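Each chain carries a letter (A, B, C and D) given by its place in the written order, and its residues are counted from 1.
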């Protein structure tokens, strides 16, 4: 029979030398595991000697605990009566309990975000809502669609309207897909599985985040026949780990491609997320800003005792620990080719130069996603609409060689239609899906897809367009955006590579 | 003698199988009529078994009841004492009773809207005020006029100033006309007849809505000699109904043309209107969002019990039931030519391509109305000013071949003058007339016309222009708008049709 | 000895047939004079039978009463004890009595307006503050200066800085002058004489309004040697009156030119001014909107009893009564040449076409004032900066042939400098002078000039410019304005006249 | 033994004839010194006869008292018990005492300003915060960076990131330097020495203000080996004083160049600073607006007794007393060459013409600083970004001949990177350093540098750029700024000088 521990004893083991934690009523000795934690050792050490269940649960896939620790690491169980009361009732973290809203009464994506903001925890909201610096790119992602006007045609029979299309060769009912947003269980226990359920209902594609809070097997478990998934890869510094993940994906035939994320080789500065790290915490978390090594200090002054380091925290930051920042066109794509036969979708391109380079790697690369990471990586990076117009201006042949998808700022069916008119083949939604989950679990995600599908159909009908493939530049007026599209020098590497590439074609 | 019913008995007949309603104190069995209701069966079923007078009255022409039902459908009368009190005193629906304002003290169209907003019911306000999605087009309709500057000339004798002109060959005293706005009796019992009275006073044209809340005969009954009317047609799926309407219009010689509305083949998404549907309702209306068939679901999941349908409600939505979405240039104009000799005015054009196509159908088509339906159909559709400038840029000959009218966003006499300078011959007002009606019945509409006429005259005098036909592009500076006019590819059908058409001329 | 009247008896004479008023304690019979009142008969009849002193005093020059009425019109004096108390203490009209501010503590023109707004009556504020329609032109007059950037040069000796220049050949110490703003005594008893005193101190020019609240002789009475004045003419329908005024001006050799106002041939629509007409009135003023003849009604309906007339009120409106709206280049300038030898300055030009036409009338016309009447005439008319740039674009020779002055929106010394760089020779201030008067009488006007002079000098020094004549386009960056300058068709009369004119040169 | 004075006796000596002040408990007779005070005599006379310690201390270098006065000027000590209590407890001037914030919790420069605003005195805040007129340039300095978009490249190895560069040939770890902002001890006793300490930690350059509140020797006393300083020169009217300063600088070999400030030959109009001069003052300060000579009055009126002078006050104003306004390219640079061998950096250039002229004076002139003095000199002067783009447009060779630095409006690492992409080599921060000082002394300044360095590195990594010298125009999209860059006539002196210069090269 398992030994029963008092909390006071557990609390003593709160260092890197001896690190115990309580999880789901059990006591674990995780000392050996600390250095290998994918999220960094610091995160664990902050919780050393405490009941970490609440912190641990929403961001770890079920079962991962057993997978990771050895049996002997489980020391016994905790005597629940000895837990400090503040750890039992995390009132500050508890979201609004006034009950979920009537989803049918929510008429648009903004209203769903508003409801979710009240439903979910401050920490979850901060992680979803936050973006880099001053949120300029996040805001611009949406307003740029408002700058584009539609050009409806009349006397066109629009009784029929078909939103179906294909993505990397697979049929989908909607050009709208769910972007690989992490940590869905922060919003609702349905998690990424709930998103999959909603996508299944609408025939929509889902990209599964590398940082999902459920295992990929759990997420795709109840998929509809023919339901389309992609899996997002953040390449790890320890390549073997990534290779292991690819091998695991290979076994799941519902996963049709690998989405390699490129727009965040290092974390952006999401201040709202950083600020949230202590808010409502039930235990005195040690600041993630403390400690760590300073690498670029030029001198150390004996006369001062202040420490010029910046180590921002927040969930976003800890997810990055271990992510590789040294990817390159040649080495990474070659390495990938060795470990997967699935087509590659490159996510996070923001210039026509990179879109062009990607198109030179067809057919290994089948699609690119123009994305500024929801404004979360580099503030004042351009919205996807800008990159679409850049490609049209400099290298429209890209559209013929690979698929171009976009994400960021989609709030209305008219936004979806405008992206399609500009040449996008798929249109991703990230926050709307997560806020839908927060507002009402899988039903909330379905409501988001339902609204966007209906708005998209209404827009197509009022434009006089019956099929997705008939949408084009003649249905939009982009002049107020076009005059702001890049007109400067080509990048250094482009002139030669470019010309060589063209010569080859 | 008519039978007297208790309300409790009526209340039992609340299904599609047996549907009774109380109207004006009488009890009707409308079971047979339910499937044929032009506004859809659902709207009736929501009121089945109740006193529907309050819902019915402001949106149905007087007399239509007798016209529609057979004598035997009238079962008897209701015992008023048995009506539930909440149905007798719809306090929440009752508008502000503090008495009408002094119309003379209202100095501009905005002040009239402000007063009307307090006077009329929430439901009426929502129907008039609402526009598609985020109201971007509705707002832009007005602000685009603010972007255009006037260029007043000096040392011009402006003692005389004549605002008269002709529209489709008929003399009017004002270039301003009232657009075919529906449901005027929601605002005031004077209804569309009151608008006609005010137009008569000012020699202004009125377009009668297909969804007027009075019969067309009632509306034109007391017209001034020579007063000009047009009648708006929404083509019904059941063409025979539309043909019947055209035959009926043929008998009224005050109606000089048919206005075919094209900018709303399917309803736009007016959220304010949808939201209002239950507000202040005296009985628990069944949500219009429930029920109905889902047509585009790609899969049905046994694991989920949520219903991915969107069926937005509101008055606007129910008016659309039965409206045809399959009109085309060739079939519809040919069909029309068979059923009416009146000239056709096409409403809702938003591109130069369609304006050009329309001009090829002169003389059957005598005028076009550039309109985005008051921003109510497709959000981010362009304001009429954009389409005027597009026509000037691509096919100015249109102005010589057909008349071009505009509507949307007119709030000032300077707006009217700017539209005329850009080439418009008629300038329609929709909401201002309805809000005028709401603020003070027919006198309120007259006040609106009085203000706009005076402002138009002041503007013409200060520009140094004595006659409407002397207004032109030299009196306005449109540069800040011109740079945003469409510059993209011509529509697919245009190149050939266009050149062929030019060749023919 | 004068007869003493009871107020009750005076009150009986309140019609056009017998019209008495009390002024300064005397009782007058003004029945004969009513039809001849330059401000219209209605204004007097509204005050018939009452003590009109308060209404009369601030808008009539002292002495005009004796000049206008015959001795026998003075019937006697009023028994003050019989006056209704409400007429004695017009509390609502009484401005803030907390005492004048320390003028030295007011650092800019906005602060002076803010103080004046509290000091002066609601009616005076409304008259000064108001502008046409939505105040778009008034606002734009100022913001357009903010769009222009300065280009300061360094390493320039700026110890000396001379703001003096010449206007129509006369030396002034400042390029800033006071525009012909009416009704200065509404703001302060110092009135236009106070403005003259302040201008004298700073060597600034003053244009005397045709509607001044003091006689022109009173205004110029204490002028400095060499102090420069112009006199504004609104041509009256009764030309003989204007000829009389010109003859009277001829006797005053301090008045060096006639300023003919052209930008307001009919009154604009100043709603704030209209609204103010009843506010705080001590007696129930009959609405100026009632009565009058309707001229353009096309039909009269026996079925309606409402009256479609608009007759806006306010001070601005009544000043216009009798003003001629039939001026033309040929007739008016020819007529003027017969009645004055003074040079003519044309005020209110707003297009390059009119500026060019004016330049053809040199040397009779010596200067033009680009003005939209402070935004008070036609809303969305262009600011003077636009017209300056239009002239530069189309006919820069105008600057060589006549002087170009501007007014409207000046709030900072940088605004003055920018106007001068654009080619203006004189820069007029209207509201700032009146608000200065309101804030502190003549000292307040002096404070305004002191601030603007200091700011102008600071700006010139920081630009590295020592003299007014050295300012030019190289010191400003106007690109964000230039792209909005008119680019449309030339006016109808221009092509021939223009070419002919050029040929002649 | 020193004589002990009663405050009452000191208070009698409050005139220019006999001027005593109490400083640090001692009584001084400063009568002889009054006319020579670099800040003007008035400032002293306002404090004559009082304890001036509080006013004196934060804006004078320690030790300057002894240096300036003769021993016999020290009369004795004050009997502290006789001081009026109000002079002892200047409550209104006392800043928020709630204790310094946790610097680590402040995540960006705006938050640091917010905290500093609560920590420092109203007077210090007003001096730092204030800018000219309406703060248009100050605001634009920052928002113009928001208009520029970044263009991140993907698949670039960004594990390494090096922010080091060289400035005028000296190695620095950061391209960010601290601008020569005056009066640092107003914010915190650490003063300019604290700034130097923080710069030392980060290997950042510091420009020492001519108006520093510590002596230059004190500031550089504890510098790190190789730490880089420049010294700012405001040339005095009395050139001998400036020559003395240059001689003194020559002795300090840590100072590597002279920074000659050109953008403020006369003070700008900083209203916030002027307003603050009396706020919270413990004694009735005589207004700095009174007195002084009027130079440009054209007439004096015996009838008026008001004084048309403007003499704005504030700290900024008094720092200018004695500053020369007659500098020119030829005379000043020639004079400088005689008195220093150090390279010259010219600060305050705002046009491409002046940048070009400066480049002709290489190698004496080694760098220029594009600056509008933080918006403090001439309002609506262009931000440095405009001048960078002007140089690129008209004379890009300038970048090859001299270094171009910029300051103004930097709030984010992305701002720094954008300036570097545009061609700047150094990027100065003024207010952020002072507000950092105010928020937490030297640690606060270090926190500012820490944040900006981390943000700069993150930005470079996300752009895919490893070294400062690889940044360039291909990484930014400046189109929305470029269309507003000057396009007008070249300055008068340019054509010849320009061509001659080009011919010589």
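Everything below uses one rule, namely that a residue touches a chain if its C-beta (ideal position, glycine included) is under 8 Å from a C-beta of that chain, and two chains touch if they have at least 3 such contacts.
Computed from a prediction, not measured in an experiment: that's the story for all the values here.
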{"item": "Shared interface numbering between subunit D and subunit C [over half = same, under half = different]", "value": "different"}
{"item": "Relative orientation of copies subunit A and subunit D, as a Cα rotation angle in degrees, nearest 5", "value": "90"}
{"item": "Distance from the mean Cα position of subunit C to that of subunit B, given in whole angstrom", "value": "45"}
{"item": "For subunit B paired with subunit D, centre-to-centre distance based on mean C-alpha positions, whole Å", "value": "63"}
{"item": "Overlap residues in subunit B, where contacts from two or more other chains coincide", "value": "483"}
{"item": "Subunit A - residues contacting subunit B, complex", "value": "104, 107-108, 146, 148-159, 163-164, 173, 197, 200-203, 222, 224-225, 412, 414, 442-443, 446-447, 449-451, 453-455, 457-459, 461-464, 472-474, 476-480, 482-483"}
{"item": "Sites on subunit A touched by subunit D in the complex", "value": "133-134, 136, 262-269, 271, 274-275, 287, 289-290, 296-301, 303-304, 306, 308-310, 312, 325-329, 332, 346, 348-351, 353-354, 357, 372, 377-382, 386, 483-492"}
